[in-house]
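Residue numbering begins at 1 within each chain, and the chains themselves are lettered A, B, C and D in the order written.
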Amino acid sequence: MSKPLISALAQFAAATAGRNMTKAAYVAVGVGVLSMVLLTDNRANEARGWVHGLLWACLVYFVFEWVVRLRHMARTGRLALYMSSSAGIVDAIGALAVPAALVLGVEPKTAWLLSVLWVLKVVPGIPGLRQLRRVLVLESGPLVSVLVIFLMVVFLASVAEYFLERDVQPQTFGSVPAALWWAVVTLTTTGYGDVVPVTPLGRIVAALVMISGLGVFGLWTGILATGFAAETRRDNFLKTWESVSKVPFFAALGPAAIADVTHMLRTMELPARTMIIRKGAQGDCMYFIAAGEVEVDLPGKKVQLGEGAFFGEMALLGNNMRGANVSTTKVSRLLVLDLVDFRVLMARHPDLAETIDAEAKRRALENK
Amino acid sequence: MSKPLISALAQFAAATAGRNMTKAAYVAVGVGVLSMVLLTDNRANEARGWVHGLLWACLVYFVFEWVVRLRHMARTGRLALYMSSSAGIVDAIGALAVPAALVLGVEPKTAWLLSVLWVLKVVPGIPGLRQLRRVLVLESGPLVSVLVIFLMVVFLASVAEYFLERDVQPQTFGSVPAALWWAVVTLTTTGYGDVVPVTPLGRIVAALVMISGLGVFGLWTGILATGFAAETRRDNFLKTWESVSKVPFFAALGPAAIADVTHMLRTMELPARTMIIRKGAQGDCMYFIAAGEVEVDLPGKKVQLGEGAFFGEMALLGNNMRGANVSTTKVSRLLVLDLVDFRVLMARHPDLAETIDAEAKRRALENK
Amino acid sequence: MSKPLISALAQFAAATAGRNMTKAAYVAVGVGVLSMVLLTDNRANEARGWVHGLLWACLVYFVFEWVVRLRHMARTGRLALYMSSSAGIVDAIGALAVPAALVLGVEPKTAWLLSVLWVLKVVPGIPGLRQLRRVLVLESGPLVSVLVIFLMVVFLASVAEYFLERDVQPQTFGSVPAALWWAVVTLTTTGYGDVVPVTPLGRIVAALVMISGLGVFGLWTGILATGFAAETRRDNFLKTWESVSKVPFFAALGPAAIADVTHMLRTMELPARTMIIRKGAQGDCMYFIAAGEVEVDLPGKKVQLGEGAFFGEMALLGNNMRGANVSTTKVSRLLVLDLVDFRVLMARHPDLAETIDAEAKRRALENK
Amino acid sequence: MSKPLISALAQFAAATAGRNMTKAAYVAVGVGVLSMVLLTDNRANEARGWVHGLLWACLVYFVFEWVVRLRHMARTGRLALYMSSSAGIVDAIGALAVPAALVLGVEPKTAWLLSVLWVLKVVPGIPGLRQLRRVLVLESGPLVSVLVIFLMVVFLASVAEYFLERDVQPQTFGSVPAALWWAVVTLTTTGYGDVVPVTPLGRIVAALVMISGLGVFGLWTGILATGFAAETRRDNFLKTWESVSKVPFFAALGPAAIADVTHMLRTMELPARTMIIRKGAQGDCMYFIAAGEVEVDLPGKKVQLGEGAFFGEMALLGNNMRGANVSTTKVSRLLVLDLVDFRVLMARHPDLAETIDAEAKRRALENK
């Protein structure tokens, strides 16, 4: 291959090796899956050639990506770890499933269906998935019992319906498996309507099943809501705690106060060159810089604020109108303090209030 | 045009220009959209003339409204701001969509369909929409991950069903797009029943999809419930804080106590001449007047209470029966203190308790 | 009429006049509505005579009930109040609707349908309805905005579908009203399947509508859950507060402590002769008697405990096994203190702990 | 029978008698119910012999189990208690239902359907069922009122629909019972589509019913979510309290502090030889041993930690990377302290902080 191409590949490889999902990968997944979908649609017959091309391209991409990662991991001696990790397994499947099927002589149209497995590659990239998993784990006890109740209702109801309906409509309720199908469709309130009881008793049983359906829904949601509330609180705390400890402004406070503060702050990750405060807008929160840098666009001059500095406090000290544009200059992590909590915090820690007042006055003078 | 008409228009224009939605506008939206709906119904053929008339009237109204606003904004030099604001865009669409379509030679029946866009004009008028938006923004992380999970289930399930059902019922499951349609209809538990798996395996997959549907529901709701609880708390606090600070009665308290109080009070906006307390009714809260004026209808005389005054405290000091009718004389903002919180508050701040007792006694004597 | 009958009627009248719903009334509602239902079913033709008899009986009952109440209210001079109250209106409807219809010459089968209005009579009897209403009122703001969003989605979606589907299936999507029907059926995830989009674009729009459906569900529930949590807390507090103040045991405490205690206790209304504690059962709460009387069934003798006394404390002081049967002798209101809160309470108010210990010891000795 | 068989049976009987559900029982339930399901399916005709065999085997098992338990209970003098307990009744049903039916001359295919009742045997084994029941009991008030509202809507709506639709589609809306069926199917948003209103008015009523359906859902879930949150809190507290009191480490603390700690800890039951901490993993919690023993796998040597000891504290004292594998050596109960709460706890009880620091240092040195 020609030099530039090689170097380009090398560069690309480097990018790929490290991070979990490159933009390219997302594109590949999207294109690949959609092509697979098209492939099965007769209306797209004339474009079949193109579609196959796209599929092959995606496949090549994923194989390449996988190989690069294997090489990278091998070098850094984490090969075993990677191959046993979920990411590694997903990559392997993405790269091997379709070829394997083709090699094993599955007819292509079917083999390509396996490319739907590529969607699994986005899983690690889902924001807050860890959080969801934790909720499911912590609440697994009650969730399982709801599921068991669900299954019991399904079995009891389907046998009852089978007994009541089998003679009237043998073609639909002719066996318990058929009745089971009806029960699931009904208890989840999906209600296809392909299998419907017609006898009075059968309908009464069905009505009870539907109402239980509401109950199952309710319990399920209630459990998840409870778990989620607890998890959110926990998650924010962890994210915020270390950031707070980095802000000298809070260093003065004792651990109790820090725990206090941490419960109140919200973390915010921002890319570079993002407008945080727009001049003239309504303001109801102030910001502490945990990491990165922001630029305050004052009349005449621009002021940089670095790690540990704070801004937007004016909005909380009486005048709600934002006085200047503020935007990040690099990727930054900010801690947001809502007006609500600001008030409470100031009330509990007058010393903080003074520090902020003083700083605010200083700036006001300076910017005269 | 004749003088009176012009002046009437001028007056109307003034009313329109300022506020976001006049009553007239709401009527126009309602009438317009309903006429559009009727227009498409053959049972309304004979009334077609009238319906067209109504539609044209509404259109004229919206164009007029838009022009008036543009003029108003131009004068006050906020034209650019207005035209780039969502309200401005919605107004423009409402005024131009249908005419544009007609001019471009779209056949009328279709062109008028665009008048459904008029419903967008009510959006800014929706109470608590800001609150909902905030919840969606704050919880976007988890919500997006649920959505991604939703899509993954849809894709995996539909390919599986396509593979299992395509030979048995090629007309419905003949392509993955068709299977996708089935998957969405099923996972949202809508269950039209137009596409239903019939093979045993296909039905097992379907059952799993339905149960995941419950899960998606549950997570979704859990997340929103959590976010909403936090948002409500925050919102009430902000609304109440400034009102509280206006009530001299609380001026005595330190900031910590005010934060306390604020957490307990609930704000209530009332139009003029509204009955707040009905004599003889059960009472379980007292009121502070943050803005406006109320009139206490005592035997023999009427007493006015202005900003900063409080009333209804008797109900919290033992006798639950309301002693007199109380109603607003002008638009007022009241702070409501529930019996629950009253008790706690009094316990924490005995001085407040005394003030209220004293005032209550004074009034009791006075109204002897 | 014969004397006994008259006196019986008088007695019955007395019972009826006062309370809102007598058992008899519930029975009448049930019988009446079911008869009405049967009346419309051809399978019940031969029993038509009986059914009519029952219906007439119920009607007579309700008319009688209404007259008695009118008389009672007139005597106690609350006639106007009663007739304008919801209960009064419901009674009037229950008594007059059917006769009025019959008099106006509506054919009987239809006239009797109005007897379904009798179900309205149970409304005042629903437990916790007040609570539900309060939640709906307090959260009305957000709920309305969700409803408005719901309607907007319905209108926009139905016009879009009408535009996309009218040519393909004119019989189902031939007019916007038809499309509106489809939109409501879909957005509520009911999905009858009588009207289903078939064009690719139409199905994509439909998919979006279904997913919005989940969103609407989620928001709706989130709002109600939030409101309900707040309401429950408030409600328990009110119910409990006055009871607590009646228990001498807590009289010692200052108001702050009482607020504390009140937050922890749960009220429980019990009929006479109800078993509260079963000997040998696991116990994790203690009871205070706010009103009524209980009987402790000790070996050899029975001990009565009256208002203000407490029992079941042993379970919280180490030995979890209940030592004796305890049951109410008359209708009683008990305050339940869970182990959880007991621990916290004892920690905060050591004096209480001592009182309870002392009493427990005394009893232990006594029952030696 | 031969000796070994008898002894085997005896052994098995012993195992069965005591515990509620042996693994064998779960297997029997699964096999039995599935066989019953198969029996009704014509596709399984050729395997009918086998299926019958399995069913008889399960039946014999359950009868045997029941007899063994009866004998066991009789010996321990708890026969009456057992036979009146839910478990006893379920066992009796499981053992007698099918034989009774067969004896009474019900044709076999139908008689065997009763074996679905075997699923009831798993109920006692459901985790967290007690918790669910408690929620349903505590919230029964509001839940019942929602149910009543549900029924009222159903009755009013179905009569209305019957009135509006009976003439247009007499075969589906020909009687109120039929309309009731429609109402339930619609209000639960199941929507089979077998009965659908077609008149404009009928559809408007239906739309209202569907929207009420969302409301019912929402209320239901809101109530359950609220109740569940309260119950979870209560449950964890009880589980944890006694464990905490067993940990000498907390003995120093006063009751108030213990209540504090208890609110923060989470209990975790673990089987023997379970990996708790994996070396190199991210750690965000520490563990206290309430019962059992764990083994820390340090370089060179293995250290056992017994009841009352704690581990994993390093993760909370700065270095997040777990330093060693830790696994249980016997069945153990651990108390988990999340980083969140650890911080708060240390802030409130500095003495605890010191103890932990000291211990941590000691270990660090030791493992040098």
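Heads up, the rule we're going with is that a contact is a pair of C-beta atoms (placed from the backbone, for glycine too) under 8 Å apart; a residue touches a chain by one contact, two chains touch by 3 or more.
Worth saying up front: this structure is predicted, and the values here are computed from it rather than measured.
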| item | value |
| --- | --- |
| Chain whose average C-alpha position is farthest from chain C's own | A |
| Superposition rotation for chain B onto chain C, Cα-based, multiple of 5° | 90 |
| Numbering shared by both copies at the chain D-chain A contact, with half separating same from different | different |
| Chain centre separation (chain A, chain D; CA means) in Å | 28 |
| Inter-chain centre distance, chain A versus chain C - centres from mean C-alpha coordinates, in Å | 39 |
| Multi-partner residues of chain B (at least 2 other chains) | 177, 189-193, 217, 221-223, 225-226, 229 |
| Chain B-facing residues of chain A, complex | 33, 36-37, 40-42, 110, 113, 116, 119-120, 122-123, 126-129, 131-132, 135, 147, 150, 177, 181, 184-185, 188-194, 216-217, 220-221, 223-229, 232, 284, 338-340, 343-344, 346-348 |
| Complex interface listing, chain A residues touching chain C | 189-193, 221-222, 225 |
| Residues of chain A that touch chain D when the two form their complex | 141-142, 144-146, 148-149, 151-152, 155-156, 159, 162-163, 174-177, 180, 186, 189-193, 196, 200, 203, 207, 210-211, 213-215, 217-219, 221-223, 225-226, 229, 233-234, 237-238, 241, 254-256, 258-259, 262 |
